[in-house]
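Before anything else, here is the set of structures, which you'll find just below.
You will see subunit A twice below: alongside subunit B first, and alongside subunit C after that.
Coming up: the complex of A and B.
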């Protein structure tokens, strides 16, 4: 079995842990529980007949209260950036994180998950911005940890780009 | 030991010894949390492949190995991580890399029990931040909606009158103006944020648009371009000056005519100072240190920056005292971290009681405190205040049943004399504190310009020293040690020199301490070892039999691969171990006598000799002579310098020689500069002399001539 390390990155309260819990344990809770440090989960996944074990590093959300350890990214095979579509500034955080990741590790396979996409009425990120991101070469996927929409697909898509 | 093992386990700790290979050995009973997370049966011999169980640990081991090779501090933490056990329970864990003597230890600690309080703080801080973010977004939506409505109305019929009523009672501040800034309409909410001077009715705020643009441009340099392009602009910035300074959220929307020319600008503003300033609760959880209940570093920086601004405006003076508890690390390690926290708590209360309510004290973290005292026009003498603070610290403390005598070092810097901003002032207070520590601790030091020069000198040295090795700027010279009896070998001490390309020859007294502090001493020391061995081998090949003496620092001796590096140098150069001598000082061994002895013993067994340098200047404990594998003593030059005038120095020197001979050790006297000194040393049976009287340090090409002259060397003056 091939072992791959992936990191979940984004602003705080965008749903990184919820996506992992949905993906690994098929559960969801509305209660916001902030992560401190790193939460490690494992999940086995099959792709084109090959078995993979994903070691998922769910990193604490970026904010002004904590200091990020860039060493956590060492050995990472892929990154899932998570944006809360109801909070445009979480996209700004992801833009910064992408740049930092690129500066530190160069081109690492990555996807941007547009999470909480079930909250259609509260969607605050305009389509122009998303189109611009796609033109910049970002792969975007609308997900909902609450409904489970595209969660499995997000991890699968990342794995596929990691093994391409 | 059983009790200790059980105790560690009960405290949720697992101590593992790491040796080459994946398997580690548990040194205490495996704690319950580990058992719960480990589905397979545990091996009876305590061997565990922890990295395979915890991917986080596997990752941390890469950092830990670097730490074990070159320890920087007493331990290195991994940061908290969370794992789920078989039952789905979360465990918050932290790993630490430690070194104990030669052992590489990994400590795994279950923090779950104490994690809740910390988690609650971050949880609450983030909830508050989230709430504030939502409020700002809601305001943003309202502003955009209003702006669109007003733009629509103005574009239709330019009917200012029709919108006057609409904005009159609006909670957002609204101003409609021409592109040149001349105001056509504004509401009361705007005057609430920007009160009119004099007659409010006549107020037109002609310069407000320009003021906003000027204020916003620092954060949003693109504002001119956006406005000129006919697009809307929005942002948040600080507006106004002095006491009326506030955070404003502003949206500027243009109204275009059919020719796409801007006829009006609709400006909607809100005072968001309440949202930008941390709420009381957020402040409590993010601005105060939990251990001491004092303002933390983040709070301190804000306070000192504001205080300096105010002092600059009012002409007041400010004194900054930077206090660092002496040997806190040792206290923390010899008792425990809880006791260390109690000490800091008690110390904080005492310091707080001994300053005025208007003074500001913060706990910057670890063992550092900062006190900020503002005074009127005339600066009081800070020295009595510093002495009072040190006296307060000095009073015995009872922590956890132990009476502790604690001291601190204090640095002082004053505004505006020593620094014109917070960063500069803090740097200088820190520099002064560092100087107080260097002077022996339990001292205070007021900053002065000469400290800055010392600091700049050290900084430059550190910056350039990193390149000196690669740049070929370092070289060795060799000072002969002359045998006062008969000896076929010439003894040489290898001495490091740095020829700086710009600053010329830099004294080892300046750059060696910097190399020690920065850790550069390890690569430099290794280079010296290899170079000296290579040179010694070359002397041998040229029929100049030598024993090469190389100085070894504490850091080198502590390095896990020290023995291996020395062996490697011998092997690479083909030098016989009996032709190498390592010189170590007493201070090198002060903290780590046992581990130092352990590192030296295998080398001595190989045939390398060991000399104890500067003997007599430090603690000169006979314990060293008993426990260390020493072959030679080097009498400190402070005693030689006083010979023949000082009777005590003569007595001490003679006693050391006698003692050494009774212990079958040979003796070198260093710093011999006069014939009187040499004759005295001959008289008491000293074995070797080293000093400018006979030979200065020499380049390698001169050593052959020295050897050739040994037979004819006159030692009778």
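Coming up: the complex of A and C.
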């Protein structure tokens, strides 16, 4: 079995830990508990008949690229950026994190998860912005940790791009 | 017929003739045909085969020149050569071992012999040590004090003992990829469970990174080297690409850190290439298991480690002495019971039917002459020795004749051709007896007591037996017994199983007796033929080989155990074909003894 390290990144309270809990344990809680430092989980996935074990490093939500993040990202095989679609500034944070990640580690397979997509009434990110992101080469996926929509698919898509 | 002398390449010798025949391009085909015709006329029918042989020889030489380099080159590229050779090598090894297992045993015995002896010594030492620990922990005053302390501390007694007697023990060793925090390989001590090793290794990496980033100074790169929690210590050492972490119970000596560093260096050296190209596949690092196993060491506290296992040795000595004393006492009792029994057997008015004894009890069933007094002497002896003698007597109206004559027939194995009669105190004996039998009867105590006189006028003394005839009789018995033996084999097997091997060992003893008799009887043409057979499954060639292997197996066994190899010949008969025997009955080896039939003996048995 091949073991891969991936990281969850994004601003605070965008739902990184909820996505991991939904993916690993298939549970969701409305209670918010902020992650301090890093939380590590693991999950086995099968892709094209090959077994993988994902070691998921769920990094605490910070807006700036700290030195801690830099050390946690060492040896990472792929990154899931998480955006809260009800807070446009979380997309700005992800843009900055992407650039800094690129500066630090070069081209690392990555995916942007547009989380909380079940809150349709509170959606605050316009379509033009998303289209512009796609034109920049970003892969976007609308997810909901609450309903479980596209959560498994998001991790699968990242794994596929990591092994491509 | 032309004779071709093969010097160098024959094709080269012939080519000029062919070239000379090529006059122009338009007549190439005709010229070639003409050349062929010319070759046939000059060189005759041997031409083609000579050319073929020359080419074959040439190709063999070329292959021989490059064979070693080609194998070496291909082995570096992939496993093709190994895969191709493996079945053939397996087959050759299998055949060789079947044919001569003794050779293999001779080769490997110097290698594995010392290892086995060392293992046995270590196992015995460990057993004594373990026994000593158990005794110390179970029965010594200290152990009871420790029980109290464990109870007060609220921890299990076993754990308390471990903490008090153990200097240190390495419970887990982890090798972690430095950049990713992915666990490369882990080993644990027996009885220790490793839970979620990947998460442990990732969290350890995260903590290490956190501490390094938080507290490092500008001058040095601070790194976690040890983490203490409770009774355990986590030792960490980081290399350029991997980190080694050891979870230790107790207080390890400084040498353990050095050992971990050495292991990490070795790991980097051996696995440099897989570490550099690591992509999440941990398979190559499974070979690091022996390296990590070496780190799983433990050490008891000095006083315990250096002290002799006196308790265990004392207990063993006491047990041995007890066993010896009990055995000696039982032997002494048996001797006393035998004394009483012998005393009973000397009584002329009683016949011992059977007896059973246990400890100081002796139960005897007797036939007693009607009106005869009890065996006072035997009873007195039993009382003197403290034996509880229980007699079950059946009185019979028994006169001296009834008593003495069956006794003599049984004691001296007198057949029906010998007549006995006791009348008026005279024992009349008639028929054929050996001189030895007569001497023994004369000296018999019962005869002297119950018969005042012996009348042997009708006795015909047998001549002393001919020793050579006796030897020949013994010879024939041995030959018959050896030739009747069959050694059976499992399907497709040429090795004897345990039961058949025991049979072979018995026949070996008979063969040795036979060889000893051969010297006595001057048998100079003795030969033992070992015939092997197979059932009808498989090809004839395979059955022939299998039957030969089976016969060879027996022959090697006899030769390896001292039978002159010149005297034993093995041969495979192959399959018996259609017969009434079942397939298992057809897989056997039989022996045949070839010898010269004596002309001077009356025992004219045919071979």
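Everything below uses one rule, namely that the second predicted complex is superposed on the first by the 157 of 164 C-alpha atoms of A that agree within 3 Å, B and C clash if a C-alpha of one lies under 4 Å from a C-alpha of the other, contacts with A are read in each partner's own complex, and residues count from 1 in each chain.
The rule is short, and it goes like this: contacts are C-beta pairs under 8 Å (C-beta built on N, C-alpha and C of every residue); 3 or more make two chains touch, one makes a residue touch a chain.
Being a predicted model, the structure only gives us computed values, none of them experimental.
Of the two partner chains placed by superposition, subunit B and subunit C are both touched by A:37. Of the two partner chains placed by the overlay, only subunit B lies in contact with A:124; subunit C stays clear of it. Using the contact criterion defined above for the overlaid structures, shared-chain residue A:47 touches neither subunit B nor subunit C, since it reaches no partner.
Of the two partner chains placed around the shared chain by superposition, subunit B is the only one that A:87 touches, whereas subunit C remains out of contact.
Judged by the number of subunit A residues each one touches, B leads among subunit B and subunit C. When the two structures are aligned on the shared chain, A:77 is found in touch with subunit C, with no touch to subunit B. Once the two complexes are overlaid on the shared chain, A:4 sits against subunit C while remaining clear of subunit B. Contacts of A:13 after superposition on the shared chain: subunit B is touched, whereas subunit C is not. Residues 5, 37-38, 40-42, 55, 57, 71-72, 74-75 of subunit A touch subunit B in one complex and subunit C in the other. Interface residues of subunit A, counted against subunit C in their complex, comprise 1-5, 37-38, 40-42, 52-53, 55, 57, 67-68, 71-72, 74-77. Listed in rising order, the residues of subunit C touching subunit A in the complex are 177-183, 196, 198-199, 202-203, 206, 209-210, 212-213, 279-282.
For subunit A in complex with subunit B, the touching residues are 5, 12-13, 25, 32-42, 55, 57, 61, 63, 65-66, 69, 71-72, 74-75, 87-89, 124. Chain contact summary for the complex, subunit B toward subunit A: residues 54-56, 59, 62-63, 79-84, 88, 92, 115, 118-119, 122-123, 125-127, 129-130, 133, 137, 286.
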